[in-house]
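Here come two complexes built around chain A, the first alongside chain B, the second alongside chain C.
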Partner chain A sequence: MNAILSLIAVIALILIALLGVKTANLHSLFGIAVPYAAMAIFLIGVISRVLKWGRSPVPFCIPTTCGQQKSLPWIKQSKLDNPSTTSGVIGRMLLEVLLFRSLFSNTAFELRNGPKVAYGSTRWLWLGGLAFHWSFLVVLIRHLRLFTEPVPACLSSLEVLDGFLQIGAPGLLLSGVVLLLAVTYLFLRRVLIPEVRYISLAADYFPLFLILSIALSGIIMRYFTKVDIVGVKALTLGLVSFNAVIPEGISVVFYIHLFLVSALLAYIPFSKIMHLGGVLLSPTRNMPNNSRMERHINPWNYPVHVHTYEEYENDFREKMKSAGIPVEKE
Partner chain B sequence: MSKTPKPDELSKVDYTPPKTGWMDTPAEFKQGMWCYGSKPKNLETLEFPNPRQWSPADEDWKLPENWQEILLNGLKERLDKYRSFKVFMDICVRCGACADKCHFFIGSGDPKNMPVLRAELLRSVYRGNFTTAGKILGKLAGARKLTYSVLKEWWYYFFQCTECRRCSVFCPYGIDTAEITMMARELLNLLGLNTDWISGPAANCYMKGNHLGLEPHTIVGNLEYMLDDIETITGIKIKPSFNRKGAEILFVTPSGDLFADPGTYTAMGYLMLFHELGLDYTWSTYASEGGNFGFFTSNELAKRLNSKIYAEAKRLGVKWILGGECGHMWRVLNQYMDMWNGPADFLLVPKSPVTGTVFENAKSTKMVHIAEFTADLIKHGKLKLDPKRNDHLKVTFHDSCNTARGMGIFEEPRYIIKNVCNHFYEMDEHTIREKTFCCGSGSGLNAGENMELRMRGGLPRANAVKDVVEKYGVNMLANICAIDRAALPAILDYWVPGTGCTGVHELVANALVMKGEKERTTNLRGEPLNGMEGQE
Partner chain C sequence: MYKGRKIITGLILFVGLAAIPFFYNSGKTSVKPEPNIDTPAIQQLAEKQCVEPREFMKANHMQLLNDWRDSAVRDGSRIYVNSQGKQFTISLQNTCMHCHSNKAEFCDKCHTYANVKPYCWNCHIAPKENKT
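The block that comes next holds the complex of A and B.
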């Protein structure tokens, strides 16, 4: 149900763009105004969300320690999984953000008769997630060539690398294919694994369908309808130089693509996609385990009502004395 | 309370989620899965709101009129105080990596025991009240209203989490369900909705210094029983001191070890070790609890209970503090104590009087873990050990959740065990160290009335033990946690009968060759040593 509703929402977005451009001729709206608005929402939204998180303090030093602590000099510390220094934390975060290290350690269990609980490593989610994020990043970077003139050499070489298979013309780019496969995998596991289906919200399917449609519309433009790339680049260059005009003859598929991208941008600050910023602020990962070595400060630490030793001794003085325990007041 | 089903019945777990969505499936309070509600006298002692006689099974929980307002204000306050809570409310992508990592899910199959869904119980209310999307789109955005039924669901499931943090190891963003459970329990406590197994010990600890409510003379008396036993076994008379000013070291350990076996054997181990070293140390009857049931209640109560340790160290004028074997005690000491009740600037950086080792890793809190202390002694050859005395034991080691994932003390206890025992075997790599499984009774869930829950939660741990029992003939599970020592015997009896449970320092004391001791014929449990049968 959640999946169907999300699919309907994405189809509605496509129809809005299709009708808006094809029927209502609102090229400027969909080609200029909407992208600007979306970008503004994205930037303001992301920044304010991160600031909002940042405004809440981190009162305690609560890293999840996943390896040997630093203790006696002859015991080997696990510096990445249980870092006690800033450089260790940076290492841990880099591995987490770039290589999804925690997900790499994922396991699956099986309860057999006996009973016997058996565990094994499972890396499909790690692989699918990594393929998805990295291919998405490559696709994103490749798109920078639409916003730069002349195109920097590194972008051109990235594209050469991405198309190393040299299949067809225009050459097949691997990143797009991987992205499509990875999104499909992420969707399929969500509907096929009963536990994951049970926890999935509409907000989990919607971005998948959205990204799938963005990838598909891009692929259609590149390989099938062969969009007027000169026109597209004139528009995109105009957008970044704040001097946009709508060139003639760009196909409606492009406007759909652009509208879906705009929708994604505007959606990000309000969605789980904010995990890209949130992981950097996650106290269980970005803190060193050094709280016995160095004092951390809780900014809102306040005095509390305690039961003092004096009160305790008043309660038990006679019993203490008869048990031979020294007391403050005889 | 209902009788706990037999193991073969309990181990038939159905993992198929219900037909109805989780928001449309209210919590069903199953007998044996929950603890009794807090008694009014304990809440009064702790100065907590809404003390009254109530039962979780009642329709009416006798809440104040404006309970929703209290909870939502409390939620808002905590979002502003804890970045962890705020970020964890926002960034979960529901990838499901955590889903099968929880011992309660593995043992019960209840989808609301998947960490992700446990968190969603609270997240849904957060979205419904504090996010734009949730307010507008409602259920579609995973949002819902805070109803009486939701409140009961919170109570049921946030007291089915042991705050063990295993899920947070696997989460790609480090989302820690323990943080969320802690917040949820704080909120529930705003309405007087604790369990009595938590508020009772917490009230005891507040007034009498320890969870068991042992009064000062009882502590001395209990230790005297142990000293008599030690004298019978070793011929050595030990005289420890209590509340002694001017001692070099204050020793703090969980009170459970002063009360019931097998914990008492661990306490005997401490007494023997310290005597052998001639350590200048003292016990305290005021700070007679290392553990902290306040930690399972609210941040403020945890701080109130914890304050006694530094206060007592200051009053007695000791130089540093040594802490015994306990799980959540060490999470608190490592990750909270300094921020609550520090700075401990009246203490000195801990230095072992025996080896001269300076414990740099504790230079701010001035509190050393006994496993660090003893491992250092052994490394420097300061103990005369005869591991053969433990030859009847085939030992495996259970990493306690809190010392594993809230500290990372893995090698120290293993080093000690390997030096005092000749037969040591590790369990399945997926069930030890940072991936260790909780005993299923942590965070104040080790009551009697929720035995089915405890046996279900204990299944993964016990099952990994069973594996090494079958493979290597393991017959003893060592650990460094008082709750383990209190909870695991029942769990092992149920799932792996015949397997014992011991603290590491019981093993140390059995192997420890003391100056002037008579030939030992039994171990601390009074069981004949190998080759000594019939010589008692």
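The block that comes next holds the complex of A and C.
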């Protein structure tokens, strides 16, 4: 049901763009106004979300400790899994962000004949996630060719590398294929594995469908309907230099693609995709485990009035003396 | 705000990253390129049409060239019959470049603009129009 709702939402988005451009001829709305609005929502939304997170206090020192913590000199510390310094935290964070190290140690539980409990490593999610994120990054960077003039040489090299198989013309780009396969895998995983389906919400399916349809519309434009790329670049360059005009003859598939991308951008600050900022702000990952070396002060601690022993003795010194209780100060 | 300096630095980095295309193009005006079809061979043509109609060529020339390559090099067939029944010799250098003798003004103009790097000239000898 969640999946169907999300699918309907994405189809509705596609229909909005299709009808808006094809029937209502709102080219400048879908080609200029909507992308600008989406970019503004994206930037402001991400900033305010991160500032909101930044305002929440972290009362305890709660880094995840996945290995031996720093202890006596002859006990070997697991520096990446239990970092005690900032550099260790940065190392762990980099490996987490770039290689999804914690997913790599994912384990699956199963009951074997007997019945015996067995735990094994399961890396499919790690592999699918890694393929998805990296290919998405490559696709994103490749698109910069539409936003730069002249195009920097590094972008050309990336595209040559991406299309090194030289299949067909226009040459097949591997990142697109990998992205499509990875999104399909991540979707099928949610649908086919009952436990994962049980915990999947509409907010989990919607980005998958959205990204799937963005990738598909891009692939359709490049390999099948052959969009007027020169016209597209004239529009995109106009967008980034703030004097956008709508060129003639760009097919409606492009406007659908652009509208879906705008929808994704505007959706990011309100959704699980905010993990792109959230991963850096997770106290369990961005704190060093140095609670035995430095005192972590709870920021919402208010001054507590304590009655020290000294004060106690001052209050009751005479009574204590007369009762024969030893006192520290005469 | 806790760890305010780090978070603000990160946010400035994020906005800077997102703003790269805007900075890169600030103050630049680029003109949408138009391929030049003004060559002596095209001037002499009675009916100014490529091997297929203009719109088809604009969208599908890369696929046509790819098919031509397969047909000439792999199947040894050098005759192309177009959608109007007209016959052409399949040859990049003798058919395409005969009319479009201005590679820099015709091919490269859009290819450079859209950052397309066709590998035609890895095997074929590129015309030396600019070096005369």
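Brief remarks follow.
We take it that the second predicted complex is superposed on the first by the 298 of 330 C-alpha atoms of A that agree within 3 Å, B and C clash if a C-alpha of one lies under 4 Å from a C-alpha of the other, contacts with A are read in each partner's own complex, and residues count from 1 in each chain.
Just so we're on the same page, contacts are C-beta pairs under 8 Å (C-beta built on N, C-alpha and C of every residue); 3 or more make two chains touch, one makes a residue touch a chain.
Nothing here was measured: the structure is a model prediction, and the numbers come from that model.
Contact with neither chain B nor chain C is seen for A:N314 once the two complexes are overlaid on the shared chain.
In the superposition on chain A, contact is made by A:F60 with chain B only, not with chain C.
Within the superposed three-chain model, A:V50 lies in touch with chain C and out of touch with chain B [touch as defined at top]. Of the two partner chains placed by superposition, only chain C is touched by A:Q166; chain B is not. Judged by the touch definition given at the top, the superposed model places A:L281 against both chain B and chain C.
Legend: residue contacts after superposition of the two complexes on their common chain; A:S28 is shown touching neither chain B nor chain C. Applying the stated contact rule after C-alpha superposition, one finds that A:V117 touches chain B and leaves chain C untouched. Of the two partner chains placed by the overlay, neither chain B nor chain C lies in contact with A:S87. The contact surfaces that chain B and chain C form on chain A in the two complexes overlap at residues 54-58, 281.
Interface of chain B with chain A (complex): residues 7-8, 11, 13, 15-17, 21-22, 47, 79-88, 90-97, 99-101, 106, 111, 114, 116-117, 120, 131-133, 140-142, 165, 168-176, 179, 206-209, 215-217, 220-221, 242-245, 285-286, 300, 303-304, 307-308, 311-312, 315, 333-336, 338-340, 342-343, 357, 359-365, 367, 372, 375-376, 379, 404-412, 415, 428, 430-431, 433-435, 459-460, 463-464, 466-467.
Touching chain A in their complex are the following residues of chain C: 1-4, 7, 10-11, 14-15, 18, 20-22, 24-26, 28-30, 32-33, 58-60, 62-63, 65-66, 110, 112-119.
Touching chain C in their complex are the following residues of chain A: 39, 42-43, 46-47, 50-51, 54-58, 144-145, 147-151, 155-156, 159-160, 166, 168-170, 225-226, 228-231, 233-234, 237, 240-243, 247, 277, 280-281, 299. Per the touch definition, chain A reaches chain B in the complex via residues 2, 5, 49, 52-62, 64-72, 74-76, 78, 81-82, 84, 96, 100, 102-103, 105-109, 111, 114-117, 119-120, 125, 129, 193-204, 270-272, 274-275, 278-279, 281-285, 289, 291-298, 300-301, 304-309, 312-313, 315-316, 319-320, 322-326.
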